[in-house]
Amino acid sequence: MITLGHYLVVSGMLFALGLAGVIARRNIIIVYMCLEMMLSAANLALVGFSRYHLVNGLPDYTAQSLVFFTITVAAAEVAVGLAIIVALFRTKQSVDVESVTKLQG
Amino acid sequence: MSVLEIIIALPLLAALAVWLGAPARAASLGATFVNLALVLYATVQYAAKPAGLAFTNARVVLENPAISFAVGADGVSLILVLLTSLVMLAAVWQIEDRPNIFYISSLLIGGGAMGAFLTTDVFFIYAFHELALIPTFLMIALHGRADAAQRKAVAWKATIYLGAGSLVLLAGLAWLVLEFSGGSKLTFDLEALRNQAQLTPLPAAKQAQIFFVLLLGFGTLVSLFPFHSWAAPAYATAPTPVAMLHSGVLKKFGLYGLIRIALPLLPQGAQVEWVQNALLLMLLGNILVMGLVTIHANRLDDTLANSSVMHMGYIFLGLAAGTEIALKGAVLLMFAHGVSIALLFGLCGRMRNQLGTLEYNKLGGLATHAPAFTVLFAFGAFASIGLPGLANFAGEVMVFAGSFTEFKAGELSNLHWTVILALWGVVMSAVYMLRAYRNIFHGSANTGLFMTDPVFSQRLPFILLAATLLITGCCPWLLLNLMKSAL
Amino acid sequence: MHASIILLLPFFSALLILLGHRQLKGASVLISVGSSIISFIACLFFLAADDDNRLLLPFIEVGTFNAGIDALIDKQSRGMMFIVSFVGMLVHIFSLGYMKDDEAKPRFFGSLSLFMFSMTGIVLAGNLFMMFIFWELVGLSSYLLIGHWYQKASAAEACKKAFLTNRIGDFGFMIGILLLFGANGGNVNLIDLETAFTSGPLRPDAPGYSAGFTTAAALCIFLGAVGKSAQFPLHVWLPDAMEGPTPVSALIHAATMVAAGVYMLVRVSFLVTASPLAAEIIAGIGCGTALLAALMATQQNDIKRVLAYSTLSQLGYMVMAVGAVAMAAQHGHQGAHAADPGHPAMFHLYTHAFFKAMLFLGSGAVIYACHHEQDIWKMGGLRKHMPVTFWTFAIGTAALMGVPFLSGFWSKEAVLGAAYDSGCKVLFLAGAATAALTAFYMTRLLIVAFFGKPRTDSAHHATEAPMVMILPLAILSIFSVLSGYDVLAAPLQAMKPPHVEGHQTVLFASLAALVLGVGAAIYLYRGKDKDPVSIKLFANKFYFDEIYTVIVRVCQDRLAWIVTALERVFVDGIVARLPAAIIARLGAATRMLQGGHLQGYTFLLGGGVIAVIYLVVFVLPRLGH
Amino acid sequence: MSVFTIEAGLALLGLVLLLVEAFKPDISRRTLGLTAIAGTASALVLLPFCGAPLPSFMQPWHLLDTLALFYKGFAIVITLLVLWLTLECAPYLTRFTVDGKLAEMFSLPLIVCSGMMWMASARDLVTVFVALELITVSFYVLVAFARKSAFSLEAGVKYLILGALSTGILVYGIAWIYGATGTMSFEGIGKALANPATSKSTALFGTALILCGLGFKVAAAPFHMWVPDVYQGAPTPVTAFLSVGSKAAGFVVLTRALEAFLASGSIISSEVQAFLLVIGSLTVLLGSLPAMFQTSVKRLLAYSSISHAGYLLLALACRETARFELSSGGIVAFYLATYLPMTVLGFLGLGLIRANGLGEDIKDFNGLAKRNPTLAFFMTISFASLAGLPLTAGFIGKLFVFLGLADHGYWGALSCAVIAAAAGFYYYFKTILAMYTTEGVETTALTLSTASKAVAGVLVLI
Amino acid sequence: MPPLLFYLLALITLGFGFMVVTGRNPVSCALSLAACFVGLAALFLSLDAYFIGVIQILVYAGAVMVLFLFIIMLLDIKAEEGRKLSFAPIISGVLVAVLLVMQIITVVSSSAIANKSSTNTPLALTESAGKIGRAAALPTITNDLKEGTLPDAKLIGFTLFDQYGFHLQVVGLLLLVGTIGVVVLSKRERSSAP
């Protein structure tokens, strides 16, 4: 019997997975992928909630439209982010997080 | 528009003018002269009918919490303002070929002190004092008499102490305001707070707590033992006018605050046993410990700086006694000490500039070549050891007498024992002052270090202070009359 | 009226001279001397003034505390006033000659006037606070005068020593005043205090009477006198004070200021009377000082020091008298030696003032003649060179020794009588012994300095002093002969105690002492060129100075050093450095967080989230509200 | 005429500027900048006349109360200042931009501004999210704008990763709050939380996540670690914009969200309150303690802005006041209002010194008083105010916070705040002192455009 | 839905997600991310969110992934083969993840809504046909509902344009800003400066 709980746990695991990746990986592009994963995990939670929060018998579409926005925003973020990463690569010839440690203290 | 507002504004405006390039000396001297004149005018006015707050005027700044720029003066504040304007005049006057910042800072410190003494709104009382602290700190750090690193260290020490003290003080004041704001609005108006305090007085225990916080806060500003160790190096390092103004005037702010804010609002606070004992202990620390430290000093500026820390003990004694006589004595003593220490620091500064050293074992026999200078110094020195006929004596004796008013033949309370020990401090101050005097002015003239009397115009500021000492020393009632209704 | 003239005239002359001596050069001398003369004349009128106690100037009036400048005019103050202004005037005149070629003359005369002012204040003082004020001021003026030749290290040290020693005395004096102030409800007016002690709330049988308090108050006040009148153990400053110009020694350190202590004690004799213990201690200290000083005097070679120690011992005499009279009073010998009308101490003070002042001035003349040579062994044979000085000096010596029918004789007998009545034999015997010693060392002085043949050419070429210096000597000699007799004593209100009969013992004792002392001296010193006897202990003044130096070094300098160190280390360290250090550490630590590594940041962020969730979701709800 | 016109208008102006720059490449940046400034200024002028009620279709997500209006005005002002600051700093900014183009530096702030204005009146989480993202993404671009400077780029990367992370957290939080309460509008959330049936742990979980997400935006510890690096790396005007604009935006959302979370009878109010206190205390400390050891003024200002955020959080924590009418919203608004001029002034000085070819280290301030007394004077005022010295606006703000804390008896937090303030005295004075030390390296007089003088003067007066 | 299917999908999602996190080669990471998203999309479908599922595939697995791959290729980033990995971050990452998961599980298990399921909260399409409020303006929606099919896309569309029209604009603006950003940040310097 699959309950909302299952979905939430899956989304949570995905979220945690993403977080772990963000923390552990050194390749900025992969870090960025992990970030996207986290966003999608959030989406999963949202959709799950919206499905089981019925407004007069139908899923709550306000939540789903938020998901829609999230995806769009994520796309935009990816665009900008990748642009920045490219710029970084151009100057530093590397996408390693360890290549940006000048600013500190 | 009250005359007090002009008195406050004048130095600050003058400072601004000098900053913007007005002729420094002329502007400053002019401002301070006019200021002194105004203060004298106000004092005379008040002396005619010495009752309550005079020249009051309030401008609302904030509705809630109620903060207003309210000025007003009674005997106590007038005496301190008189002190301020005298010392400020002398300090500005004795500056010789120094950059403008000397004038600016002197004016700022003076103006800040004026504001602190004349406003009757806790917020501004506090604010003006802080305003006066900045230039002090800057001047010590920038134009102090030591190599850059050392003077910066000294300046930092002073700033951190004073800053911390001010924050504790702020906490205490905030507590007061929270306790005594009647109704649903916070108010900073001293009168309102006082009324509320009279309407609904706090339990003595709580008063004691608040009073203690205030005591620590104000005490740090007055270099109350053991929060004093900023003072001596700061004064020893500070440029002459700053040393004069801070030790002479600004330092008195803490005491003024205690008399003006803490005591009226927390009448039982100071009398609660543990607070009083703590205070007595601390002030004994000031008198005895610092007395010995002073005796140990072997440079004039150290001696003066430490002595000025030590003498605070007597004023605190007056507060601790809390009787009318003692309090008025304390105020008198504040005035006297301010004038005398300013005089001494001023002369000390001259000596340092001319001789380059202040170490006793290098000096000697200056009296031979600089008799007038010697006489002036003697005025300051003997005043500060409480010689009758000079201002400090009346204050000290009043403090002592005031502490003995409720004395039953037979039993001596802690207070009385403290007074007796404090009296021994008088002996100690004689020891170090005479030592200084003997080492510097007596003995055979040391040909290596040669110094002559300042020209007459440069003598005048010191003569002004010395004369003040003599007059108030012979006729303390001149000042006491101002305080007829106060306290 | 007269009172205020006498008081303020010297004040203004002092102010004028000290502040403006640059402008008015020679004039300052005239101002000073003139003022002294005027105030002497005023004082003559003053002698006729009738008792009262009126306020001259306001000083402090707050609540119960009002210490004004008021004059208590009665027999004692009138008499004392006469002494002060009379001797003062003579010394002024004498100084004209003595200080003729001193470049700092104005300062000298200014200080002299200042002294006259303060001394007058003490004499007139109607309440203890006023007395304290002028008490300190005479201290100042004596400081200035002793330090007149401040270039001399010895003088500089001496004046410092004098002031500080007096400060210690004043410390006690102030405590005493405060005790009385508190106990008597803020009223320290002498008359009121007397009533309070005799019939008021402080009388022995009053409720809440505390003997301890009375004794304490009496002794504290007495400490003031100890300082001013150079009693043991605070006597060390007086001999050194001889560094000052001789006229000063005559006026301040012989006739008037040092006597102020005694005067004050007499003023508060009701207090002494009220406390037996205090009375005994006072008498004891008095006679101890008398004896010790006399012993020291026997071995001094500096003419002024001999006189100084003699002064000490005479002061001891007076103090002893005060104590003795009080003891006598406690034993019920009222009337005989009561403080009023005549008090032995005051009487001795009175006579002593004249002859001791004269002796000092005489020695001054001698020193002046010998070009500031003070060692008596370098003099000799001065009798022929300066006869007038010699004769006056001789008269003075005789008076001091208490040769019958000279003033000293009467007063000394009175004092011994008091000691006798006190019932304490020790006092009496010590007194007698002191008398003998006095006779001894004075004779020694006279013989060595004036008889025999000159031992140095400075003594050889000594010539008689000028008129201005001779005149005061002459006048004083007259007084030291006559002042014991009612002829002078009565109009001058010398408080001469009625000469009571039945003291044969006393009479014989004093005569015996005289004969003994003189005989011994003549026998020992006749025609000697160097001191036949030398007793190190006496010569070195019982090593008091050395002991005190040690005490000061240990109890003050070492202590100061230690305390300073502690203050630096602990107070500063704990209050200032420690917190600063802690904050600094924290700052550095927190700064470590900013490693600049992205991974570190993300970790912190993730960890933060975990922590926050843990806090908010799992901890806080448990805590409840 | 309604506020919406202004909001849309500003965004539109931004786009127009872009187009112009695109099609007329040779247009001088001065004209662009001045146009932008003029537009913003006119917006500011028009703002008071926008009382008109909003069209009904906007009501559900667009709230127009005094708070919103205040923050809208705030946004416009800061944008104005930033634009002008950009103009001032243009000379050295262009050195790090491609082809010395700055057009986006003028247009993006306008868009950000409208984003902030929308945020100010957001009444549901969707709007918050969208507006917030608009701002954030624009800031990604702005921070990395001077990309020829390695610092700017590094800052861009760091901000990008951490910002995206925080966005993820925020969205996840929104999801959970939605799950717990079944709605996204603040009123709805408030109502739901007031209803005891709502699952507490779920609500708390969501709240915690959201607070973390917002905490990142307002630079609250422990989510502050991006601030120093990013602020230091970003072009000075952008830093100013970040430290005032985006912080203010974060706080307005925080205020709104807290209104919901701490609604009367809310089941989680006490937890949230405690959380705010803890975070606030932590923030003031973590902000001021490291600041004492900074040598770069810009970084110092960054830390100081952290600690100021801490004070603001503490102010938010004193929610319903015990006795006195100091509404925390009011305090926050006042604090921000005072914080704006002094910070901008600080960055202005920084920018000008930078524009005169000096670095951003404290030692570069040496002898400023000699080189340019006026600027030194302004800077002194600004730093004194940041330090919270009496008679300066900053003091009153701090005082209110202290009073509020004392009023509630939050002694722990109060002591932290006091310690932080004490530390603050130290590092601000260190800079002030530097300005007056005469051993200045070289005493070349700094040039200061009259305009900037004027503006600075105005700022000082505030 | 059958649990088995759910677990399968979950496994796909998480498994590929795990590969993203652990993969050494960026390309493989990107591809596994795409796969992960596909699984996610399937989960969306299983939650009756067809539209979302579709755009998840289109936007993410399609556009975004392509973008990623494109960039990776463009910069031809070497695989992290040679570089030995540093353990501190990995351990901390794992730690944080584990803790987070534990927390989430606790929260989920403690909250009531978590055990809603398609059985205890079924969609009531036909009943809801009457009470869809303003959406009724669109007859198609009502008709679909009456037929018992969920007009998912239509309903989302309606919500978007009815409630969130403004937000759409803003997001559009956002995308524009993104574009500007990309242009600003990645345009090359004109080498020949006139």
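Lettered A, B, C, D and E in written order, each chain numbered from 1.
Everything below uses one rule, namely that a residue touches a chain if its C-beta (ideal position, glycine included) is under 8 Å from a C-beta of that chain, and two chains touch if they have at least 3 such contacts.
Small disclaimer: the values here were computed from a predicted structure and weren't measured.
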Lowest number of touching-chain links that must be crossed from chain A to chain B: 2
Labels of chains that are neighbours to chain B and to chain D: C
Remotest chain, chain B as reference, centres from CA atoms: E
Most distant chain from chain D by Cα centroid: C
Central chain (by mean CA position): B
Most extensive contact between chains (C-beta pair count): A-E
Computed distance of Cα centres, chain D from chain C, in Å: 77
Between chain C and chain A, distance of the C-alpha-averaged centres to the nearest whole Å: 96
Gap in Å, rounded to a whole number, between the CA centres of chain C and chain B: 35
Whole-Å gap between the CA centroids of chain A and chain D: 26
Multi-partner residues of chain E (each touching 2 or more other chains): 89, 92-93, 96, 100, 103-104, 106-107, 113, 163-164, 167, 171, 174, 177-178, 181, 185
Multi-partner residues of chain B (at least 2 other chains): 160
Where chain A touches two or more other chains at once, by residue number: 8, 15, 18-19, 22-24, 26, 31-32, 43, 48-50, 62, 65, 69, 73, 76-77, 80, 84-85, 87, 97, 100, 102-105
All pairs of touching chains, each written as two labels joined by a dash: A-C, A-D, A-E, B-C, B-D, C-D, C-E, D-E
Touching residues (chain side chain D, partner chain C) in the complex: 157-158, 161-162, 165-166, 169, 200-201, 204-205, 207-209, 211-212, 215-216, 222-223, 225-226, 228-229, 270-272, 274-275, 278-279, 285-286, 289-293, 419, 423
Complex interface listing, chain A residues touching chain E: 1-10, 12-27, 29-30, 32-34, 36-37, 40, 43-44, 47-52, 54, 56-59, 61-62, 64-65, 67-69, 71-80, 82-87, 89, 95
Footprint of chain E on chain D - complex, ascending: 11, 15, 18, 57-58, 60-62, 98-99, 104, 107-108, 111, 115, 118, 126-127, 130-131, 133-134, 137-138, 140-141, 144-145, 147, 156, 179-180, 199, 201-202, 205
Complex contacts: residues of chain A adjacent to chain C: 19, 22-24, 26, 31, 97-98, 100-105
Partner chain A, residues of chain D touching it in the complex: 125-126, 129-130, 133, 137, 140-141, 144, 147, 150-151, 153-158, 160-161, 164-165, 167-169, 171-172, 174-176, 178-179, 182-184, 228-230, 232-233, 290, 293-294, 299
